[in-house]
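Two complexes follow with subunit A in common, the first pairing it with subunit B and the second with subunit C.
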Partner chain A sequence: MAETPLWEVFIRPRNGLAHKHVGSLHAADAVMALQAARDVYTRRGEGNSVWVVPSSAITASDPDHAGEMFEPTGDKIYRHPTFYDIPDEVGHM
Partner chain B sequence: MHEALLEIADDCLVLGHRLSEWCGHAPMLEEDLALPNMALDLIGVARGLYARAGEIEGKGRGEDDLAYFRGEREFRNCLLVERPNGDFAATMLRQLYFGAFMEPFWRAAAASTDDVVRGIAGKAAKEVAYHIRHAGEWVIRLGDGTEESAARMAHAVEAHHRYSGELFESSRAARAAEAAGVLPRRSEMRAEWDRVIGMVFVEAGLTVPEGVFMQTGGRAGLHGEDLGHMLAEMQSVARAHPGAVW
Partner chain C sequence: MYSQGLIGADGRTGETEAFLAAFQARIDAEEKIEPKDAMPEGYRRTLVRQIGQHAHSEIVGMLPEGNWITRAPSLKRKAALLAKVQDEGGHGLYLYSAAETLGVTRDEMTEELLAGKAKYSSIFNYPTLTWADIGTIGWLVDGAAIMNQIPLCRCSFGPYARAMIRICKEESFHQRQGYEIMLTLCRGTEAQKAMAQDALDRWWWPSLMMFGPHDAESSHTEQSMAWKIKRFSNDELRQKFIDATVPQADYLGLKVPDPAMRWDEALNGGKGGYRHGAIDWDEFWRVVKGEGVMNRDRIAARKKAWEDGAWVREAALAHAAKRAARKVAAE
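For the complex of A and B:
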């Protein structure tokens, strides 16, 4: 089964939340990948919706570029909404 | 009446145990989880039916007594479910054959006159719908796959088809349960079974065999030798340590 394609699995735990990456698996095609995702990753009621994406379709950032990609945000603390008082009535944002 | 429930419970337990034999031996990790998932669905259904059968029988036998302390001749499962696993193709075909019968059966049993059976039916119908989907997709891919996989799937059909007729037979006990509205009439599942198997086979490039002599006898306790071996293993711990708990 060495040539069986790899898939990334995303699960949405509840309505209203976003799909979250939970892991990967091998399957011959999209239909079988969805079934395998159900069998491997939702055995304990983890979700109510599953996405599978071919791993080959993902473009990943280069770890060697991590400095220029992510460090410039480090000193821009004013982007964090910690300077504002949020009224209680607004609730969870 | 309780014997009719035992027949279906035995089907589910025996097939569930057969599937559990794949645990750790499946061709890929994903199936190593998928097969025991299905096994646990079936064993869960068997437990509910054993408990209800024991209650109706009224002799104080519980699910463990019925599963572990009856001999081979007392088991009432159909012959299909006790067939050895064979290769992965044979296992998937057996699952499809059984599922395609049980899905309409449980849907119809949702109108049972027995409260417990109604409850089990609602849950089991959803579980078995997934079993059909999963086994069906594999039958299609293997049947329409490589030369090797197609040959193995065709061989599985040849080996298993003769056990499909028994699914639709109602024993005397089953007929009593059907007359009382506790369980649906098995012969009425035929049209849906033919439809599902026909649909999968067309996509899989398989042919439904015709004029096959159908084997029967499981409902009367007349099993193949393989069931005895399976039960010996399945029952050994419970018999070596009766009443043990953990």
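For the complex of A and C:
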């Protein structure tokens, strides 16, 4: 028999915050995944909203290519406000 | 309990010196390792083994306590015990999901447990004979688990560390409810206090064994400490547990069943601590190798649950397929 599919679980602790990944679980479909996520990950008021996403639907970046993926942002220091000199007399900007 | 997860661990690894040195540098810099990162095969294998055994321990750990849910002495105790056993199930699930990020499947782990190939903590192969055992398990077994688990929150493998943070938050309730059961019994009748003492007598030594063999006998500790899977040695954690627990027993008016136990100024680098008597390691190895009182019952109970639940798993998948087909037809 096929293994019951894997789902990734995201919880929003309260309104105003983003959903955050908390772990995964197995469930036959989305409805059952939501119920299981409630039981497994919110036994003590951890949140007021749950997302479940099939793990197979997630495309992840490859850590071996993290260099070419993220390094280009490292040398663009002109993207940061501190790159620009503003005279003290101008005041806070 | 989880130091036992390293028994039989195989940290051998076949990577080049350069690869291993680069990995070790990340560990030494306190960088967390995430599932898809390059890692030595020995690191992966050690973690799959330890996290899997930890998960199995949580699941099998539901059995000795579940045994008392129907006989809890009050509604308050029953509600607390139900919540605690449900937490243990949850802990098992967090941990299985952490292990699965390393490429092992849930079914493979389940099969290993049911086939008797995977280990779980030796402590759960002892029977729960009286209600005082439930108090003692919360107090000592969960207390020892907390000692082991708090350093695991800083384990180098990200998903394991994150699961442990959730677990540790919940364990504190387990230990406190157990100690409160003991306190109630010790303030009760002579017979109740005797029951509490009897439970302590039976659970004390097995609780000390939860930390695993002495450091000198624990051959896998060194590699696991270098990889920061493990942060303290078995003996260090055992000593911490003893020093914390003996005064708690004193407060209850109970006596730790170790005639050799004495305060020793020289322990803990001169801060003093309780020096314990000899641990019966023959008993420990017997239980680890499957000859504890409850080993066969525990696996039989898990097998029965798995087999009796087969139709539920099949029905859930069939229902999901039917619902999906209906949705397609409606579109």
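The rule we apply is simple: the second predicted complex is superposed on the first by the 74 of 93 C-alpha atoms of A that agree within 3 Å, B and C clash if a C-alpha of one lies under 4 Å from a C-alpha of the other, contacts with A are read in each partner's own complex, and residues count from 1 in each chain.
Quick note on the criterion: contacts are C-beta pairs under 8 Å (C-beta built on N, C-alpha and C of every residue); 3 or more make two chains touch, one makes a residue touch a chain.
Every value quoted in this text rests on a predicted model; they were computed, and no experiment measured them.
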Partner chain(s) touched by A:K76 [first = subunit B, second = subunit C, both, neither]: neither
Subunit B versus subunit C as contact partner of A:L6, first or second or both or neither: second
Subunit B versus subunit C as contact partner of A:L25, first or second or both or neither: both
More subunit A residues in contact - subunit B or subunit C: C
Which superposed partner A:R44 touches (first subunit B, second subunit C, both, neither): second
Contacts of A:Q35 with subunit B and subunit C, given as first, second, both or neither: first
Subunit B versus subunit C as contact partner of A:D64, first or second or both or neither: second
Touching both subunit B and subunit C, residues of subunit A: 1, 4, 25-29, 31-32, 39-40, 43
Complex contact set, residues of subunit A against subunit C: 1-4, 6, 22-29, 31-32, 39-41, 43-44, 60, 62-64
Complex contact set, residues of subunit A against subunit B: 1, 4, 25-29, 31-32, 35-36, 38-40, 43
Subunit A-facing residues of subunit B, complex: 27-31, 33-34, 37, 130, 133-134, 137, 141
Subunit C residues touching subunit A - in the complex, by the definition given at the top: 34, 36-38, 83, 86-87, 90, 93-94, 97-98, 100, 105-107, 162-163, 166, 169-170, 313-314, 316-317, 319-320, 323-324
